[in-house]
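Let me give you the structure first, and then I'll get to my questions.
Chain naming follows the written order as A, B, C and D, and within any one chain the residues start at number 1.
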Amino acid sequence: MSAPSPQSYTADEMMTVAAARRLRGGSCFVGIGLPSLAANLARRTHAPDLVLIYESGTIGAKPDLPPLSIGDGVLAETADSVVSVPEIFNYWLQPGRIDVGFLGAAQIDRYANINTTVIGPYDDPKVRLPGAGGAPEIAASCGEVTVIVRQSPRAFVDRVDFVTSVGFGSGPGDRERLGLRGRGPRTVITDLGILEPDPVTCELVLTHLHPGVTLERARAATGWELAAAPGLRETEPPADHELAALRALTGGHRS
Amino acid sequence: MATVIPLAEAVANLVHDGDSVALEGFTHLIPYAAGHEIIRQGRRDLTLIRMTPDLIYDQLVGMGCARRLVFSWGGNPGVGSLHRFRDAVQNHWPAPLEVEEHSHAGIANAYAAGASGLPFAVLRGYRGTDLPAHTATVKPITCPFTGEELTAVPAINPDVAIVHAQRADRHGNVQLWGITGVQKEAVLAARRSLVTVEEVVDELEPHPGAVTLPGWVITHVSEAPGGSHPSYSAGYSVRDNDFYQAWDAIARDRESFLAWMDEHVLTGEAARP
Amino acid sequence: MATVIPLAEAVANLVHDGDSVALEGFTHLIPYAAGHEIIRQGRRDLTLIRMTPDLIYDQLVGMGCARRLVFSWGGNPGVGSLHRFRDAVQNHWPAPLEVEEHSHAGIANAYAAGASGLPFAVLRGYRGTDLPAHTATVKPITCPFTGEELTAVPAINPDVAIVHAQRADRHGNVQLWGITGVQKEAVLAARRSLVTVEEVVDELEPHPGAVTLPGWVITHVSEAPGGSHPSYSAGYSVRDNDFYQAWDAIARDRESFLAWMDEHVLTGEAARP
Amino acid sequence: MSAPSPQSYTADEMMTVAAARRLRGGSCFVGIGLPSLAANLARRTHAPDLVLIYESGTIGAKPDLPPLSIGDGVLAETADSVVSVPEIFNYWLQPGRIDVGFLGAAQIDRYANINTTVIGPYDDPKVRLPGAGGAPEIAASCGEVTVIVRQSPRAFVDRVDFVTSVGFGSGPGDRERLGLRGRGPRTVITDLGILEPDPVTCELVLTHLHPGVTLERARAATGWELAAAPGLRETEPPADHELAALRALTGGHRS
């Protein structure tokens, strides 16, 4: 199996494939957009038994194509079970039954806190974003969280303008103090590489660079002084079968 | 027992200026026809409650019907922003819009508390986020057995709840299936309720996954075939994803928005009784 | 994923002396076959949790399996008393039985809290009754918004939940319909779970009113056709009301009870693997 | 329509018919036993639209015969909707949506408090009764409560041994103080007559005597000094069609 050359796939494809690989089975609470694409890719490649759970109440959905919204008909038609929205949050998400929560972000900070609410002051916003949705409780209660977000200084900030969903708060011990049951964000996957929390400080550090991306470029795309983990590695490029499956999901177009 | 009456009459009976109104339907079964009727009837100063405002509240907000919005996710699903919502919050156009902002889990539980006749709900939520600092209706509560601190939200009990369903019988018993969202809770939490349906039938046949709302907890039922478009009614229609994508351009600009509303809601096909 | 294994093996794996065990099923789908297997395996010191102890807990209590009973209505429905339960409470035979007594609403909410990962549930209940004076797990709680005083009960999270259902597929996905009671909550609240089913099928066809429990929240599934008798499994059997009436005489007397258990549970047809 | 002579119906039949007459429509949360029989009789005679709700989660059940248990299959098969047990208590009973709660009792006292838990001390009971079931919350939350119970000094006591379900507590104002939303027991129907709470004192007083029953006999069957209401009347005896419908329900046997 020959590895494709870097120009044979896009940065978003690399990001989506890297995110999909993190899902190894079990159950996944899927946010809409890139998380949904990556979760569906995982199910079509190495994790066919991955249970996809959407906040619309569909448990075990098996869409042929990633849905546009979290409530598309195909999710209900292919689900093992469809439950009410109060039930999906109370009986399924809240007790920590779901292994992985898969989230996007408008801003993420060095402690992996996520903002999807406002850019600028809350009462006089520069940009009013959609808001919380299911994210705060997904971030609190899933066994762990994977974040997928394109890396830029606007998105990767020292401190988010608004904490919509808690990563590690202000650092070590904060999740425990707040009574958040899940282990929080273990992986942040971008178009440039992969960040993980430092086991001691909880600060996001770079553990992987995607092929062709330099540490300098990743640092320039980060709003804090990004540290590289001791064992910084290059991400395995997308394999042919991963790209083929991804492109089948996106209708043949590069995402 | 619910009475089955025309939509315009039902909306006129139930929705008054200043009311708190919940139009629910989670992506699926969103009651667009009823929302458009509220716009046509020129209601003002509404408190609009909805987990996902979606295009329907973008339209109501943009047409100046709302004074306040209670919500948990205000985007165009899979597309991007709700431009009328953003314009109201950022630029106070066409009027200032107060917002009360929650998480999905918070609003879902607040409806459930409302449906349950409880003054509040308890959840593991909001903790560590900046939401409680801006949303007065989020408070800590302590478990009387373990001492653990959790979060409380007050019940939502709208003046009116409006939902769309697949069908009803002539006694106003309603049946809906597919993604059923928070509709049962919204109807049971509300003081008055309207269910628009794809069709009124003689008998409700059992259907897998169906939720039945008995007519005696509903105020009015109105026939509104296609009344969930561009959302959908499983078994009757599919989601018009193209329209959701087209809305982005329509709503981005105030003039094109007003022109679209004028043509399609105020004076078009939908406006005819 | 649930593994589909024989009943005796499943009970041996899951139920240990001293465990808290919830066998649920509200009149319908009561897991008698599993209860009988617990008796045959000679379990002791169990905390038995069940809204309506019904004949199954009368049998477990009478056979000396229980140290403690958590319940809300301990009668023989439509017939009268549970004589083994009464004998244990009034005369400590065959052993003393601690009781923790609730209302239906209280236990149902306690299971729901357990299923929801919350330490407690809030309800309008118990107030003014003598139950809180005798049940330590009932406490007042104040609404942080209105100041109103309501009632809290702690979550129930059994070591093991056992329920009966109509069918499962080979992956252990379970489907039940008809009166579904508090079974979903009991399974989701428990650390381990066993579902006995009328039959294991290749594919679960959709069914009106059906609740589906995915196999990944269940520990074991065991085939036990007729395993809800003298309760029933809608679509497979009807309630044996005659047996419920006959039980009154069987259980009234210790000797006739022991003889019946010996013949029908310990050494009879049901005892054969 | 000739009124049957007293010996043409039993005291239990009079009681059941009198109870059924109190149900005039709306919705009724039905306890098992005599309440279920009376509620089904009402539906078969003057209140065909009466919505029967059982704690097993069946809403709008239309059984041909009264079920032996509150979870018989016929209830689910004939219901408009079947919901979970948590839902029936939380979404349907608790908010006060149900007009009438229909309860039995082992003991009832002068303030209409009900005992179905123990006779004698709780920790050393003379008789261990089944317990609370749905009754405490039915008594708290239904619009009003009708109690159906055979009258005897053992059952009609000055003070119940155990308050399982609150009537009027210790008297006026107690329901409000406790935050109970329903108006409480408005009618207690026995095999001898009908008792209702005095509008001022909340004490149960006799408002009707069934045909052939004397005030003295009712007083002798009551464990407190039973007062007669100013307008004490005789109950209308069962009409032929009521008796016929009742006997059809009980399989032709007198109950």
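Keep in mind that, in the parts below, contacts are C-beta pairs under 8 Å (C-beta built on N, C-alpha and C of every residue); 3 or more make two chains touch, one makes a residue touch a chain.
Everything numeric here is computed off the predicted structure, so don't read it as measured data.
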item: For chain D, the least number of touch steps when starting out from chain A; value: 2
item: Labels of chains that are neighbours to chain B and to chain D; value: C
item: A-C against A-B, pair bridged by the larger set of C-beta contacts; value: A-B
item: Centre-to-centre distance between chain C and chain A (centres being mean Cα positions), rounded to whole Å; value: 41
item: Gap in Å, rounded to a whole number, between the CA centres of chain D and chain C; value: 28
item: Residues of chain B whose C-beta touches two or more other chains; value: 112, 117-118, 123-124, 148, 150, 184-185, 209
item: For chain D, residues that touch 2 or more chains besides their own; value: 90, 94, 141, 181
item: Pairwise touch network: line, ring, star, complete, or other; value: other
item: Pairs of chains in contact (touch as defined earlier), listed by label; value: A-B, A-C, B-C, B-D, C-D
item: Complex interface listing, chain C residues touching chain D; value: 26-28, 51-52, 71-75, 77-79, 81-82, 85-86, 89-90, 101-105, 108-109, 111-112, 123-131, 134, 148-150, 178-182, 184-185, 209, 232, 234, 238-239, 241, 244
item: Complex contacts: residues of chain B adjacent to chain D; value: 1, 112, 115-118, 173, 184-185, 188, 211-214, 216-217
item: Complex interface listing, chain A residues touching chain C; value: 26-27, 49, 51, 59-60, 80-81, 90-91, 94-97, 141, 181
item: Footprint of chain C on chain D - complex, ascending; value: 32-33, 55-58, 67-73, 75-77, 82, 84-86, 89-90, 93-94, 117, 122, 125-137, 140-141, 162-166, 169, 174-175, 178-181
item: Complex interface listing, chain C residues touching chain B; value: 117-124, 137, 139-141, 143-146, 148, 150, 152, 154, 206-210
